[in-house]
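Both complexes below contain chain A, partnered by chain B and then by chain C.
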Partner chain A sequence: MPEIAASGGAPLPRTGLWRYLEPYYQDLTPPCNNACLTGEDIVTQIRLVQEKRFQEAVELLMRVNPFPAILGRVCPHPCETPCNRKAMGGAVSIRQMERFLGDWAINQEYCPGIPKANGLPVAVIGSGPAGLSCAFYLRTLGHPVTVFEKENLAGGLLRFGIPEFRLPRNILEAELSRLERMGIQFELEKEFGKNLTLKDLTSSGFSEVVFAVGLGKSRPLGIPGENLPQVVDGVQWLKGLHRGQRPSVRGRVAVIGGGNTAMDCARCLLRLGVTPIVIYRRSKPQMPALPEEIREAEEEGVEFRFLTAPVSMDTVPEGGLRIVLVRMKLGERDSSGRPKPIPIPGSEEELSVEFVFKALGEIVEEGPLPPKNLQGGQVIPCGDCAGKGGTAAQAIRSGREAAYALSSRIQGVSPAPSLPAQARGIVLEVAKFKQLNASYFNKEPRPPAPLLSPPERAGHFRELQGALPESDILSEAARCFKCGTCNLCGNCEIFCPDLAIRWEAGKGRYSIDEDFCKGCGVCVEECPRAAIHMRYADAQ
Partner chain B sequence: MNHLQGGFLPHRDGEAGAHKETLSPGHLACAGCGLMPAVKLLQQVLGPRTIFVVPACCYSVIDGAYPSSATGMPVMHCAFETAASSASGVRAGLETLGIRDVTVVALAGDGGTFDIGLQALSSAAERNEDILYFCYDNEAYMNTGIQRSSATPRFSWTTTTPEAIPKAERKKDLGAILAAHRIPYFATASLAYPEDLRRKLKTAKEMKGLRVIHYFCPCPTGWKSDPRHMVRLARLAVESRVFPLHEVFEGECWVLNMDPQPVPAGKYLELQGRFGGRTPDQEAAIQKEVDENWKRLMRKVKAC
Partner chain C sequence: MPNDPKKRRSSRILTGNQAAAWAAYLARVQVVSAYPITPQTSIVETLAELLSRAPWPHRFINLESEHSAMASCIGASLAGARVFTATSSQGLLLMHELLHWASGARLPVVLVNVNRAVAPGWNIWADQQDSLSQRDTGFVQIYCETAQEVLDSVIIAYRLAEDVQLPVMVNLDAFFLSHTAEPVEIPSPEEVEGFLPARKPVFRLEVERPRAFGGLIGPEGYQRIREDLARAMDSVLPRMDTIGKGWELSFGRSYSNVEPYRMQDAQLALVASSSVAANSRGVVDDLRSRGVAIGLVRIRTFRPFPKEEILRSLRGVRRVAILDRGFSWGRCGILHQEMQSALYGLAEVDRPKTYGYIIGLGGRDATPELIQEAVQQTLHRENPEPETVWLNANRQAYEPPPRWVSTPSRR
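Up next is the complex of A and B:
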């Protein structure tokens, strides 16, 4: 074989000098990550799932959300709404993937690594998602934690609000037991302000206290007849139901409201053989309930009367109630950003029912929060009582943030940020569909989640929605575009005409050799997921 | 495409050297040249026991001025019209030395293949020389300043077919010409389908006799296109059926490799300044020609 003609030849020129544009690697924020209420790094979780690295996915997930099996069932999943995959077959089943990981963690009896207890115990008041999340993260930050709960069971509205057909109680128990395995103490039937005071906490040696007491008081209807015995408080009624009481409601029942409480009351009533009529003063698009709950309630046969509000209620001799209703029209937007309902004069009508359910949601109960905390500083509230959102996911985020804030306050140092960017509030440019190179993706349909048909749901409280099988979870992971995040597909390297893209052995990434990149932009154009961008060569 | 799934963590660290390229950066191709990624793939598939025979064309400049060479493998520069005959000579020389494990690659442009080198190629085909002839078709004489060749498509601007009088003749059908010679293997290839290109190079490597790969080679300089659209054009050419991907075995068996959802030829034309002067009638005529060519090809594919 002849010698290579060029051996010992002159060096090749630095053709990178021709360049006036230069590419650079920069991951963008995927829309799902940006929309996640808890701040999960969804796309990295998906990549781990795709490689069947479930344990690592769970570890990453639990850095921001200790209850994936719960949120994987009840979260309103705003992450799926902006999913770029929507344009090509439907949004990725992100919530189902979270549920899959949550159930995996339960089956594996997964428990995160716990540091040795420091000498700074913290008391958490309230065991709803906010308090539980706060306790979980305080424990992972080294604090011994005790949760005080006024009820005889922990869980807050996860247990006493959300019905079993959406959140089976064995799932709730399984996720709660993980906290016990982490060494978190629970003191039940301890109501702050009654059989528990700040003094008790101080004398028991707690360094700090966090309040996660939820809302606790139903919003009043504010109309005559409100205090009649046939007018039932929806949240309280659900609580009784979830305690196993089978309340003696029957016949036709008016449920007043348009939020989750109204939907869950109506759907529970339906399962008990009662006929609920939901009365809501605005129209369907303005309902605060989760769209999927509204759809399912409709499928199940719940009757809705939109643009209708009660004016007064009184008893009739036969025993039921007569409600006077008025028709509404939508006016200007109010402070909630929704069109204000305005009564139409003269449109009154009557409705006869056996009971009326007040389900307007809850408001903050006056009083339980003390003015000062154990250190004489400001009280740290989290979750619904801090006005943080109104969903379990937001309560979880709020609890986590309180844990981090509190821990750094009493330890005097900020905990190492092991949290994903989104959870730390770092949002870069959000990757849009048009920035992706769609040539690399086929249209592939989203698999439908198993769901009981409306007739199959009647008469029991068993879970409605089933789990996607592992095969579907894996194909969903593959269907995800990985928007804005380099997954090392290697396209840029394959197509670079100038061999300017190099694999950095040991660093697990590519880099661009500026001595030889001519700035053609092929890598930028052919990156399927907008992880490389172009700027003027002197921009840096 | 499986390479798109990507790995997660340093999946390549274990295979140190697996990605070491033979071709060097610092070569003289224009920014966004469609040829260079193909040369990388060619070298990856064919391996170090390869000799390049290069007639006058862009690549003879790209490789660098003597004594430097970016190819990293033996290159024999030869006269414009002699790619196939020079490669035949190299093969004969190796034969005489008893060297049998070397692939001789003729790397020639469309001018050096469709036009001035056609006679040499035809003779090599007749003798069924054991060479791999890789024609990179950038559809004009780019090296000398974008003159039209018989591979230039109809209604394209070149410096010898100005916009007011664009090229009137259609492109030669190289596949049919070579099939008529009954060579063992002919294939068209596009960078937009790197797995397909790799597979074809591998198929060609493992065969004996004259193997010709007709590589569709976007040229941002000569096509007046944005360099960043290089792969996009390679993809659109296939999707619009302007450049169908197919193989011909023994001049007899025609196989279609890709049949994507067709897009109008206009989508492909509109990204290129060389078609900037086209009239709607001309675009319709191009579409008609594309459709007819596709039908001609499909007749042959179905006959097998």
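Up next is the complex of A and C:
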């Protein structure tokens, strides 16, 4: 035995006494969760998908979004824009994952658990995304729900606004049939203010009414010639098209506007063999339409005339229309935050077309909302008519919030704690790329989603975007960094030089032993996903 | 498979680096911790390949520096594992603090160092400045001449290290040895296991009995453990002889701390190590054939310094020419300095004169012609003045690079 310096079996030195900094576990808000329009806990969903726990993922998803198969197709996915994976192979395909879960739920005929009816029935006026979402959550909170719809089919804008090539109708029907299976009643061809009044509702036993009637009225052009027969209301035209009518439009058509209605009109017209010209008074970056729709319209060959506005329209003897257009320039920012378009005097030109489509979007229809509800309290509006719409995702969130607010008011208990933090508006520090330890991740490319090429899209309304196969969905789930979220990878335990980090099987998490943690910060540095942080030891 | 383990030996064409890796593999190392550096890297690469099919539990630890590599070797060795690391030049210098730690903690770490020049200027070629600068760290130092010797020395090093509880550094010249291939006989695993049984640590980290190693110790205790370290170092040379004899019995190749060559009746001796010694052998043969009474003393074990064996070899020699590939700035060649201190104990009449030559720094060829020149100068100078001769320094007048030369404007 050589002579060495060694202590003779003393108790372990309590290195924790040296500590002036201490690590602590705290999940941050992942950027996708932060950006989600409905408030989904995306990262937890992805973790469940990665473990192939699809049912649990769907349950979690449907706590905030009842229609994953719909939003998995039409949501503008702002979640993917801030994705930290972007720097290492491209953002995770979050929308495709939602679509996968939505389609899985449809194939499994998944239906959430429904509590017994509680004797507090609620009427929902309108069956667009906000109304349907509100009905769904009211039903899961125990209320018997009846949805009143003025058209002969439910779905609102999902059915009469969004073209089939973006949202196939069998998907919409499948999502609607889930609501029926949950026991939600639908009363069709009942328009509030016409063949449905507050008195009717009271006498039918409804104690509360939610309004989700949308906007309903096209914004006028406000120029001479607006009422000519060749000037078509784009919203109404799309509605007719989606009812199955094939309108007799032909030749060159001017579509006025830069929003989704304009894009949908132009793209539907193109598929009917018509040549649309989109006329927009600002330039491309200011278009309110979804960037994806603009890009796809361009790919399909829709012609755009930016910084151009119509001044007047009149008929020509040959049968078409002559539009006088004026060139615009961009000025100061207006109240919408966008540069105001200003006509350039003397820049007028003429354009000959067969038809003009008014597609400036919709404004709220005067009148249908009563000032007071049945109990004398405030009317609960949601969705577009409450100014909380914009996208289907936002309407769904608005419907859900209305359901929770109404239910907690009339039941006297708040069910909100069962929702993920994001849906309750709780946002912590958002995890940034530089906070992650990128050494733990490889650069891996995002798989391209199947998409019909522009020539393949002509002449029909079949869905443009295909689904990623399950293998890609699983590899996407693995590619996700899980920013700011402890996924129990155990790196902290491996790296702790003082063996101060331990797995607590009973609690399903790691804990830090204060007796031995000397605050070196190695665990914080080696955490791949910024779920451990450092603070002064007396800061607690 | 024949039953005789000797018959299971194989022969391969190996570089010095591959031989080092094979040796570590045959020694059944359990923890390998290293950081890449030219010209070492192929040792750890080869070892990784070999260990990938090893049936015994083992672990590779990739680290961010040589300092950490040696630190984890120390930790693993303290836990009872047989550990291996390899490095070179700057990497060895970065380990310096922990080289002291490994010896002070009495851990049988084996380190293979590929001798390479120290920067600046940046130079990846053969030079012994790196390891000779680690002379006082308490590592046993062995300098090899052939790839076979590298393989044999690494296995012997484990046996020695675990016997005397000291770390061992096995050195080989960059490229001349590390990247030059020659036939190497590889002993069978059974034979090596017979020669080098599994490590039995006499003290170790134990989870059930927590203790602090290398902690604070008072002045008396400190000097005591340092003296014990010195005694352990003293025991190395005889242990090495015994182990070397055992190796010779098993494998037929003998190694000693000092290798005299044609020293019978020599008046003049060359002193060298590593590949310079190999070249010197040819020079000795050539001069002997022309009647010069010359021999070579090759120093294989540099730490501990085999003073007695050297003095025995040099009996009757009048002049010694020492060929150095490393320099102690402000003094002389490092081997030269060691030789002078070893000879100092002799009475003046018996003490040969020492002539120091610096040869082959930064990978310069130590050619037979240069070694001949060292012999000529030693023969012709009555006294060693200057004490150190820089052989063929070949200083050239400074010429600025062409882009610095002003050229007429194109206008």
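Convention: the second predicted complex is superposed on the first by the 528 of 540 C-alpha atoms of A that agree within 3 Å, B and C clash if a C-alpha of one lies under 4 Å from a C-alpha of the other, contacts with A are read in each partner's own complex, and residues count from 1 in each chain.
Operating definition for what follows: contacts are C-beta pairs under 8 Å (C-beta built on N, C-alpha and C of every residue); 3 or more make two chains touch, one makes a residue touch a chain.
Keep in mind that this is a model prediction, so the values were computed, not measured.
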Quick one: classify A:I473 as touching chain B (first), chain C (second), both or neither.
neither
Looking at the overlay, does A:L61 come into contact with chain B only (first), chain C only (second), both, or neither?
neither
Quick one: is A:P13 in contact with chain B, with chain C, with both, or with neither? Answer first, second, both or neither.
both
For chain A, which side has the bigger count of touched residues, chain B or chain C?
B
Applying the touch criterion given at the start, work out whether A:L132 contacts chain B, chain C, both or neither, answering first, second, both or neither.
neither
Tell me which partner A:D498 touches in the superposition: chain B (first), chain C (second), both or neither.
first
Using the superposition on chain A described above, determine whether A:K518 touches chain B (first), chain C (second), both, or neither.
first
Could you say whether A:L158 touches chain B, chain C, both of them, or neither, answering first, second, both or neither?
neither
Shared contact residues on chain A for chain B and chain C?
1-6, 8-13
Given the complex, residues on chain A that touch chain B span 1-6, 8-15, 18-19, 47-48, 50-51, 53, 439-440, 478, 482, 486-491, 493-500, 503, 505-508, 513, 515-516, 518-522, 524-526, 528, 534
In the complex formed with chain A, which residues of chain B make contact?
1, 3-13, 16, 19, 21, 23-37, 40-41, 49, 51, 64, 66-76, 99, 102, 191-192, 194, 220, 226-232, 235
Per the touch rule above, chain C residues touching chain A in the complex are 104-106, 165, 202-203, 209-217, 221-222, 224-225, 227-229, 232
Across the complex, what residues on chain A touch chain C?
1-13
